[in-house]
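Pasting the structures here.
Look for subunit A in each of the two complexes below; its partner is subunit B in the first and subunit C in the second.
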Partner chain A sequence: MNFTLHIWRQPGRNETGAFETHAVTGISPDLSFLEMLDVLNEELVGRGEAPIAFDHDCREGICGSCAMVINGDPHGPLPGTTTCQLYMRHFDDGAEITVEPWRARAFPVLRDLIVDRGALDAIVQAGGYVSVNSGAAPDAHTVTVAKQAADAAFEAAACIGCGACVAACPNGSAMLFTAAKVVQYALLPQGAPERSRRVIGMVETMDAAGFGNCSNHYACVEACPKEIPLYTIARLNREFLGAALGSREFIELERPHAHEE
Partner chain B sequence: MQVPAFDARIPDGPLAAKWQRHRAEVRLVSPTNKRRYRVIVVGSGLAGAAAAASLAELGYRVDCFTFHDSPRRAHSVAAQGGINAAKNYRNDGDSVERLFRDTIKGGDYRSREANVYRLAEVSNQIIDHCVAQGIPFARDYAGYLDNRSFGGAQVSRTFYARGQTGQQLLLGAYGALSRQVQAGQVRLHTRSEMLDLVVDDGVARGIITRRLTDGQIDRHAADAVVLATGGYSNIYYLSTNALASNVTATYRAYRRGAWFANPSFTQIHPTCIPAVENHQSKLTLMSESLRNDGRIWVPQASGDERPPGEIPEAERDYYLERLYPAFGNLSPRDISSRAAKAVCDEGRGVGPTGQGVYLDFSEAIARLGRRVIRDRYGNLFAMYQRITGEDPWRLPMRIYPAAHYTMGGLWVDYDLMTTVPGLFAIGEANFSDHGANRLGASALMQGLADGYFILPQTLGHYLAGHPPGELRTDGGAFVDAEADVERRLARLVAIGGRTPVETFHRRLGELLSEACGMSRSRAGLEQALAEIPALREQFWNDICVCGGSDEFNVVIEKAGRVADYLEFADVMVRDALAREESCGAHFRTEHQTADGEARRNDAAFAHVATWGFGGDGEPPQRATEPLSFAHVQLAERDYRQ
Partner chain C sequence: MNRMLRLFRTSIGSKLLVAATGAALIGFLFVHAAGNLLVLKGADALNGYADWLQGHPLLWGFRAGLLLLFAVHIGVSIRLAHENRAARPHRYRRIARLGSRLPGRLMPVSGGLLLAFLVFHLLHLTVRTVGPMVEPLHDGSGRVDVYGLLVAGFSEPWIAAVYVAAMVLLGLHLVHAIEALFQTLGFNHDSYQPLIRVLGPALALLIAGGFASIPLLVLVGVIGGGS
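Coming up: the complex of A and B.
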């Protein structure tokens, strides 16, 4: 198969980028999208040119590293699929394909298709956990959890933190990402004691990091490779409202003072 | 070179009391003194994130390094199956003692009794902790935890979260780590790769890192250094590992005096989607559970290129059922992998490359109906179809073995300390618990045992005997190590060839898969040993890193890792050559029974083989730690009856 690629190239964070056009030829339909880029990169290296930089690692759809907007869609045209699990047989022979990095205010471009997604880590640091120390836990069967709650919590917890939801959103909102984590713990008894401070802390950090607001486009759910359900956003809003109406002295928010490099 | 004593410092007393006793006897650091110590943790997978979080909870100041953009991307995230624990929630007779025995036997009697017993003991605490963290394990309708069975065990002791147990456990550890980052107890260094260990006066003092976004080289000092940098299966090029997984941190530590144990013990998993294409970058694991209902076969005649549906029943060879009638398609990992390779070597392999065997569900579908099969394996069928573009409901799947896990790693004592005082290794980066073969659902258990529960106790014991240092980075050892790193990077930049780094990685992988993979022979290993230096030399003459080391350069990252693989391969092959027996995943063709089964040599090789760096251009030195078995009796594994 042959393709014409229009790829975003940008040497560094504070430098200007532009699209570059490359032809790739003789590509097997059994190659993944990233392997197709590997082939192009090997050709570029053979000519002594810098290869296209992109994040990737597990190449089986679970680490959340890979992040490309393909023909306008984060992770490309297939539903429930990361870029690394997208195969060239899903494209027409001779197709023109445009490849861009995630575009969002909170995700500055570092090089070519690589962006800085550290803002997602900051949201988790603000409360995306149960504050239990190693060694403190009682026997695992002390507290039972209804199967329906455990299953729903798992569905939310399946988020891989790739940021496709942010890239898809016209507002660059991280609501689906934040909702997935908040809802996982809201559904489980272990998450109950910190429920209020968690949602307030995470939402405030999300806002401070430069993510936009949610205005119900639902583009995030379309783009999500793990198909995190839409109801989590509604649930996040209810969690936030409930916590915001409660008395702040029980929340005792700590200001983030995370280490900055 | 001075050879260490390899004293594992196993506590005295009966096996079942050793860990309790040790915990009661280790030295402690008082709460107010803990904050005066700084610890470096390299890696943020299950072991690294768990250790960094737990140490920070205790009050130590921690620096945690990962080359990923986020700690959550570490390769632990990809583990599918589950995590073992001896809870006996099923009332099926499980116990710490049984989990211990299964693990020792699974490792083919090449691991330490005391370490494995401790692992089994700690397994229950891990489940308690992970449930408290809010990890959504599978549950039954009464709200209790569900279990499933895994290979090598007659009880149901595996806890799981669908096919994403590793992801959920990692996110739990990542949450714990994130909490400590927020609290200011952990400084997180993302996109930072350790390129050298700093050893001063024989003691680990810190590391040298390269910041991947701009190439800045930094010195970091600490009172102790913990390596949680995973395994090196990726040395085979095609493996189930993530593409950035590498040996650099542990290999650099080896060059600075840490001895490497059992480097040739590498596990090849039998059920992966085979490579179809020269540019394929990765092999994807398919759950072993498929072998419960799928039948494995190849054509009887070599070179038979008919589509599978046109090959009549009488002309098929269900070779596992034929060779191992008692276990059939559910024979253990090492046996199944070797058998698949053997039939492909005879020219009977299937698929475009001839490196594949059929896993056929047609008989099971006819017997049980589509609905039952869909309920059991629906997601796996969909995954297979997504990757291969073939419909497993109509055509048999094609599978082939792939490198998956490395039992070998840095030698550590009972306290998980390497031969360099102050340098610790945890998780897959050490060699400690799996012997010559790891059982399914045991890797997650070991990573978390080391990180949450063992290292936080034993590291304190070490620190209590070493007053907190000044942590200066301007001493000679730091200056020299940094200069070494800079020199090496400059050398890579200066090559200026035109060959992609991947070309050499691929060649090394092919060479090792052939000579030091599922089966090994003296002739093959000796040939590999002769070919590796030439490949290494070519690498250092022909590659292109296409840019400088002082910028975000993804090629120079990869080049450094492959350069280390090219050196480490030598140690791996020597280890396979020196071990004149077959045990677990290490199968030497010279050492087999008349029926082609592995023949262990307990009299000469019931030991851990350790390797010390002998200097550039010099062969490494081999030493051993004898293994003594007081609790279990050494027995032969037989899967035919």
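Coming up: the complex of A and C.
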């Protein structure tokens, strides 16, 4: 298969970038999108040019690093799929494909398609610790969890922190990510003592990182490769409003400082 | 107090302000539309209702409350819209426009135009400096002839058109707003979400359609045709 790629190139963090056009030919339909880029990069290196920088690690849809917007869709046109699991057979032969990095103030471009998603780590860190008894391992079932709660927590825990929700949102909002990270604990007895401080810390850190606000467009849900459901955000709103209106922590905790640019 | 200030500095707290004031404004619009539809019962019913409102001891308290609702709703949503634009300094070359449907994306536009309409509407029927007036202004019982004002105003096609267009915008604003409102307040569950999906457009149509029916009925001569 043959394709024409329009790819964003940017040498460094505060430098100006531009689109570059490359033709790739003789591509097997069974190559993943990343492998197609590997083929192009080998050609570029062979010609003595700089390869296109892109993030990747597991190449099996679980690490969340293969961030790129393909023809206006984060991770490409296939629902519930990361870029590494997107295959060239999903495109028409001869297609023109535009590839851009995640665009958000909170995700500065480091090089070409690689952005710094550290703001998501800052949100997770703000969640803090979960208190557990240390010492001898507890007997199984000393803490019981309802099947429904375990399933719902697991559904939220499927989030791989890829940032596609932020990339898709017209406001660059990280609400779906933050919701998933809050909800995966909120339903479980483990970590219940930290429940209020966790949601307060994560939401205020999210705000300070320069993400936008949710305007209920729900583009995030359609872009999410792990199909985190929309009601996760409603549950985050409930968790946060409950903690803000009802907990002592909201008066006593220090507010987080703005994320460094 | 400290708690509330801190809450309103967060994104979710700001959305709570927009949603709560929006919900209160929807309540106001519902009552306002129902009151206006007294026009169907004739001049006496409408003028009597308007006269009762005008003489109500809480009139100014009520107006101050409405002003506050509008100010908070508009002020906070403008701040949010600014922050949202700043959060994406570099646009995409291509966007697939995943998910975000038209009424949602038009919220700042429909809201802004509604504000312009609100000014026009107040100049027309509250301050009474725009549009055709009636002679005499008061009816036989000494009450302001609101019925006559409506008929005279909406008989002018351009005034009727402005009102109907504004109600289309209102419907557009509310279609997105009502579903969003529940989500912002934290209500979204498989068991009742289908109901909210239906309730939003239905309530939007009821309110916007209720208002818009009045200029339309005047234009076709059903209201005020006989007098």
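As a working rule, the second predicted complex is superposed on the first by the 236 of 261 C-alpha atoms of A that agree within 3 Å, B and C clash if a C-alpha of one lies under 4 Å from a C-alpha of the other, contacts with A are read in each partner's own complex, and residues count from 1 in each chain.
Going forward, a contact is a pair of C-beta atoms (placed from the backbone, for glycine too) under 8 Å apart; a residue touches a chain by one contact, two chains touch by 3 or more.
Quick caveat, the model's predicted, so the values are computed rather than measured.
When both complexes are overlaid on chain A, the residue A:245 reaches subunit C alone and has no touch with subunit B. Contacts of A:58 after superposition on the shared chain: subunit B is touched, whereas subunit C is not.
Contacts of A:85 after superposition on the shared chain: subunit B is touched, whereas subunit C is not.
Contacts of A:23 after superposition on the shared chain: neither subunit B nor subunit C is touched.
When the two structures are aligned on the shared chain, A:212 is found in touch with subunit C, with no touch to subunit B.
After overlaying the two complexes on the shared chain, residue contacts for A:124 are found with subunit B alone; subunit C is out of touch.
More subunit A residues lie in contact with B than with the other chain of the pair subunit B and subunit C. In the superposition on chain A, the residues of subunit A contacted by subunit B and by subunit C do not overlap at all. On subunit A, the positions that touch subunit C within their shared complex are 6, 19, 69, 71-74, 77, 98, 100, 103-106, 168, 170-173, 175, 203-204, 206-207, 210-223, 230-231, 233-238, 240-241, 244-245, 250-251, 255.
In the complex of the two chains, the subunit A residues touching subunit B come out as 11-12, 28-32, 34-35, 38-39, 41-42, 44-51, 53, 55-60, 62-65, 81, 85, 87, 89, 110-111, 114, 116-118, 120-121, 124-126, 128-141, 143-147, 150-151, 153-154, 157-158, 160-161, 184-185, 188, 190-191, 254, 256-259, 261. Residue ranges of subunit C in contact with subunit A, taken from their complex: 2-3, 6-7, 9-16, 80, 83-84, 86-101, 104-105, 107, 176, 179-180, 182-190, 193.
Per the touch definition, subunit B reaches subunit A in the complex via residues 50, 53-54, 57, 68-73, 75, 77-78, 87, 89, 125, 127-145, 161-162, 164, 167-168, 171-172, 174-176, 178-179, 181-182, 184, 186-190, 213, 242-244, 276-277, 279-282, 284-285, 386-389, 452-453, 456, 498-503, 544, 546-547, 551-555.
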